[in-house]
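Below is one structure. I have some questions about it.
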């Protein structure tokens, strides 16, 4: 779900931020014509995400840089494995290095963490999905990373699905509607492609919500036992999403209750960047006989 | 070092991302004229950062929302403490909620983590500083959070200070200059306000680097013993920065070696968002006698 | 589904386009301090849409202009009726006039046309919805206008719902999957909030598509008789959308077939701007005794 | 008068709007490496406009897509005629399709309508020109389309020519100037390249306006007889523009009065999009022996 | 011809450039709550331009800053005269100072230089006009400054008037048209509001150009005698513009030849910024008893 | 310190400003397929700056234009010398001409002026540096031009170095700190890479400032004798910058006092654009036998 337009906007902002008026170090130490080759290397195992981002960062700093991916997005790697190779003007590669790493490490961190959650739910019907707890400005990239890790995406934003909580329902019930009527009322005013999800905190809220007609019912902070009972009660009349208290210790138990979807805020809101490095070798590419006295001409 | 222009750009992007064509849920459930009051509440202890960000998010969604800060940036709080109060149109507060929390939780997470590092170095001359391993697009906010936690900022970007590594020096030494000559050569071509920092990996590199004239020498991946020797060798001729293998377990020992600066990538590149919530109470503010049959008029 | 951020972006672009370096006429004829009052008047009957747009245009040209709406979005009006009143600096009102009218006329044209379609389907279960045939750059405004006219919105964009046509299915069937398998395959990889709609051209395609599990089935270019049969065949297993050959002459017949949704490209892709004008009265607001010889000082 | 910079800005906005985070359907159904060929086909006769726009849309979604134009802007076509051919990655072509059609259909609609007006005035001195009643954000494209249809452009915006109406003149006459003096006053303060046009509603206004020195006099809402008398009265002392009540039924009669220019708001403010389609054929381009079990690897 | 939208765009860019991540000096030395008052003072005599720019710069850095203008744009001042007063938060005023001065000094420099040229042509029919030799990004501001100095504006850009030179005419004459035919050909394809100006280098080119029908004829690099002959030859059939070799020594002689317009590139392409300063007085506004030990709380 | 991103932003703005909706002259006179060759020629001697800018302007108007530089940035040229050659579509070259010249003339003017200052200080330790008195929006380009002329750059902006003046110090001394304590206080709160410069007006301020610990001390408006005494007093404890009353007559004397840095506002704030022209030759590139009657088809 990544488009070049999204990536390029992120990359342009990041480069403006990281080198607003150039890379003073490289411009002084490295001749404009020097080239370099670099390898993107994993320092720990994980799942890759960010191949196109790496390409676009390098393209943005210098169109002559070539990136060859050895691994596609979503593929696992071992510590020490080379993920991609980069060739081209040395100054450009060094200028793009940090921005590329900051993005790729984060995206691969998310993909790797997602894959761990997914692995713990194998054999169940439960899908691991993300939340809106993403890094402001990077949502599309982070959602892509979740998919790379085997997860699925929840709604993208406030605009593309209804997610009603206590607060929302209370406004209409305060005006004399039952919960069921409130949901029906809203549903009747929605376009047919907009998914309706309602969050409940207690078992007795399930029936009235289902009666209103929802696509998904979210059981928030239910215990594993309550989730199992909730799934039985819903009985296929809506998709069941579990939310709250989900972590690597609890996710398998939650998945075993038969829920359809488990949303995990931790996938994106506290991610550890994966240790991936860029090993750069600069080839000054200068004639042998160039003396130090000519150094002044390199800019 | 935060300006309104920086914050507003981040906020605008974040709102575009999180509600590109509005908040479908609130627009259906909540009348336009309903108001709400909300409290920003800490669910765990920490150090606050992000007060102006919260203000600008709410201002951006609806200019009528009022934010009252009970705590300034850089101040500590306990679990359960109210950090700020928000009053105004309900739809606006709900639309801004997630973006505000995503930013404030992250910034306060960074400030809190920084404060832990700073506390562990109390009584030493060492300052905790950040790195360029920040989230693309959020650097100014994250650097501000580091300062809120009692840290200091390293260079902002590739543009505002020289940071030379092996790679850079090798290019000039391959052309026949000694390390000392290479640094002098570069120094002579720089503006006088640009700080020059050079990274070394081994003890024997220190003298030639100092001879070239540097403002800061970075001792990269030195052991604690090596750091102590390095500090003795530099003997005040440059600022000494320790880098590499810095974590909450090692930082006190590193600080005790007498280094001036300790740079910590972990401050920003793998931060855990702090658990801070927004408790919203909606006051529908509707006439008592409004019947359900009128609901159709609320948009 | 309109946010101030969306409106302001449209308005800023429009003003840049319509007065890139000011309004040469007003700046020469009208003193800076002259004020004006204006009325937005309908020259033909219709349904209003664009109240907030009018406000934001005038706010953008001069923050001192006040707009009072006499009619809310979605309300009908007669020829000759005053829809809103505008007061403030004359130069600003004249500069904003054309941009405001171009937007409000178009939006009210869409709302009015939509209302005609909706009126023709009263008493049936069919909802009138828009398509992606909107004016590039104005989609959010035009979708809002459809809702003002009593219509509903289809998916906003390519990103927020699946809409599979022949072309899409053919790719997977060419690889050995049946249509049913192809849809199941895709469905399994989607997030749970993403609506799946599949278009069919023939009656015999309905069963295999339904077997794959879709939320909506679109019957494209079916005759009224075929639509009736299609509705019977689907029998509530999916939402039924009719598409193709929909106009003011045919829509009632199509609605009577029992379809749930009728999508009408004409709502937005060939809209007639409604005749709405702005009657401006300028009050020069100058001291009585100002002589013509002083005119030179007015800029 | 179209520049690539203008087109690209429109295209970028349109793609952001139509696929903010990708095309979920194509990404699921169509492998990244599949290619397609497509033909832009007229479904009704008309005059083409938008060739470069089509090119830039396709270039924006994927630089590898090739567009071959069979028809230049301004050339007529028959129903069924192929206007252009498009080849390249299938996902890209499908993502660009709707945006390209929305623009090309509208532009060709304007060109075709303009050509009808122009045809009706053949043999007279009258030129058909557009107005500022264009779609906000698309003015440059729509003005180009008018030229493609054989029309001419009126002023581009409020900034590049004076167009004074009653309202403007009244401000100065209220201050004691005659109409003639008011126009002279303004004229003396203008740059020499700025065209001055004044609108009159009655025959007796013509002489005083001409006496002030104008480049064009606009006769607003004059009958055909009045226009003829007006042309005689002006007698070549200014360009004569007819405005108001211009439609396909009246334009020939108006043109026959000897006016120089006829401005037609309808050219752009209520245009019907021409029926032009894109027939896409996808070539999956996959090895024969690829089994369905491998489908999971296609993203 | 300045709009707030144009000014704000220039100001925003300038502030991003001059304080990308804040004003490190003021943030460390000056408490957030300190206020200041400042006076914009002329250090040499001149003509003012830039009042609204000053206001918008200060508004952009802090909405609470108040600017009172003592002098309007276009008014003359003496050395030592106070032009405007500024009151508000000290940090904001200091942050805006340099950007405001850079713009106001330049604009007033242009206005002052223009006024000198205008004064030298008093009593002639000649108008002093600018050219397209403006500072990229600041054209609208610089054109406004020319008007403040009593000059007039030439065309704004390549888009709003025809200006044909040798090069352009040669293309059509190479294809067999005479100069007269070439101009007629172009004229027939232009909108009626677009001014047509043609440049000639020799006296014998005047007649054929006039025969083609032009609004303005530019006599390029003519001597004073040639200009006088040229004016006589044109004899009112077109506006006559003199261009080339115009400076403060020659302009009076050129104006005396009877030309209508004298274009002066030097007005904007080599302008000396006028010496205007901002005298700032900071009032720390702190309680008397605040001890130095509390200084740590000021950020 | 120029990046393509910076240049392209300047170029895009400049082209939007200079040809917002195309070049009406070239589009009418010159066929789309005509090519041209052009030479960038110096009309007076100087030092070149702006080679990449010329390239990017031409690339922006038409990617097919080829620019060959005969001279690198920072190289001197004679009057009459060809600096670069440009080949490609004629319309594009003409559209880019003015923007390219406006930028290159200004940049080369700055480089040339800087070189004159530098030449006058040869043999001294003094470096010529710029100030923040640059053209808003063009700072990076103008700073680059200073380097091309042999100068060095001062701080880029308010964000990247401390520069404290009377005003700043007075705020802290009013609160009971001595100047020395005030500087120490600030220094302790700064990151280690941020340069600290303090301005003094009198000799007796030097010792307290040095005692606080500064990197650079600026002696403002000191006479040559005072500068010599100041240098002696500082005695290497800080970099010494001279500021004020620097011009081509005084700079040699100032440099001879032994100061390290001389800042010259005049380098950028009142620059004379260098006389550099673009000689364009259009090759219509049309078949011999094309008759005038076909001219209508050229757009």
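Which chain is which? They are A, B, C, D, E and F, in the order written, and residues in each are numbered from 1.
Following the convention adopted for this analysis, a contact is a pair of C-beta atoms (placed from the backbone, for glycine too) under 8 Å apart; a residue touches a chain by one contact, two chains touch by 3 or more.
Since this is a predicted model, take the numbers as computed values, not measurements.
S.K.: Can you list every chain in contact with both chain C and chain D?
M.R.: A, E
S.K.: With centres defined as the mean C-alpha position, give me the chain B-chain D separation in Å.
M.R.: Computed value for the inter-centroid distance: 49 Å.
S.K.: When the C-alpha atoms of chain A and chain D are each averaged to a single point, how far apart are the two points in Å?
M.R.: About 42 Å separates the centre of chain A from that of chain D.
S.K.: Which residue numbers or ranges of chain C touch two or more of the other chains?
M.R.: 1, 19-22, 24, 95, 140, 156, 159-161, 189-190, 194
S.K.: Can you name every chain pair that touches?
M.R.: Listed by label, chains in contact pair as A-B, A-C, A-D, A-F, B-C, B-E, B-F, C-D, C-E, D-E, D-F, E-F.
S.K.: So in the complex, the part of chain F that touches chain E is made up of which residues?
M.R.: Per the stated touch rule, the residues are 10, 13-14, 17-26, 28-31, 34, 90, 94-95, 98-99, 101-103, 105-106, 109, 132-140, 157-164, 167-172, 174-177, 181-182, 185-186, 189-190, 194, 269-273, 280, 282, 284, 286, 290-292, 295.
S.K.: Can you list the residues on chain E that touch chain C in the complex?
M.R.: 1-6, 74, 140, 143, 147, 156
S.K.: Under the stated contact criterion, what part of chain C meets chain E in this complex?
M.R.: 12, 15-16, 19-22, 24, 27, 60, 62, 95, 299
S.K.: What residues of chain A sit close enough to touch chain C in their complex?
M.R.: Residue list for chain A touching chain C: 1, 127, 129, 152-156, 159-161, 189-195, 197, 215-216, 239, 241, 260-261.
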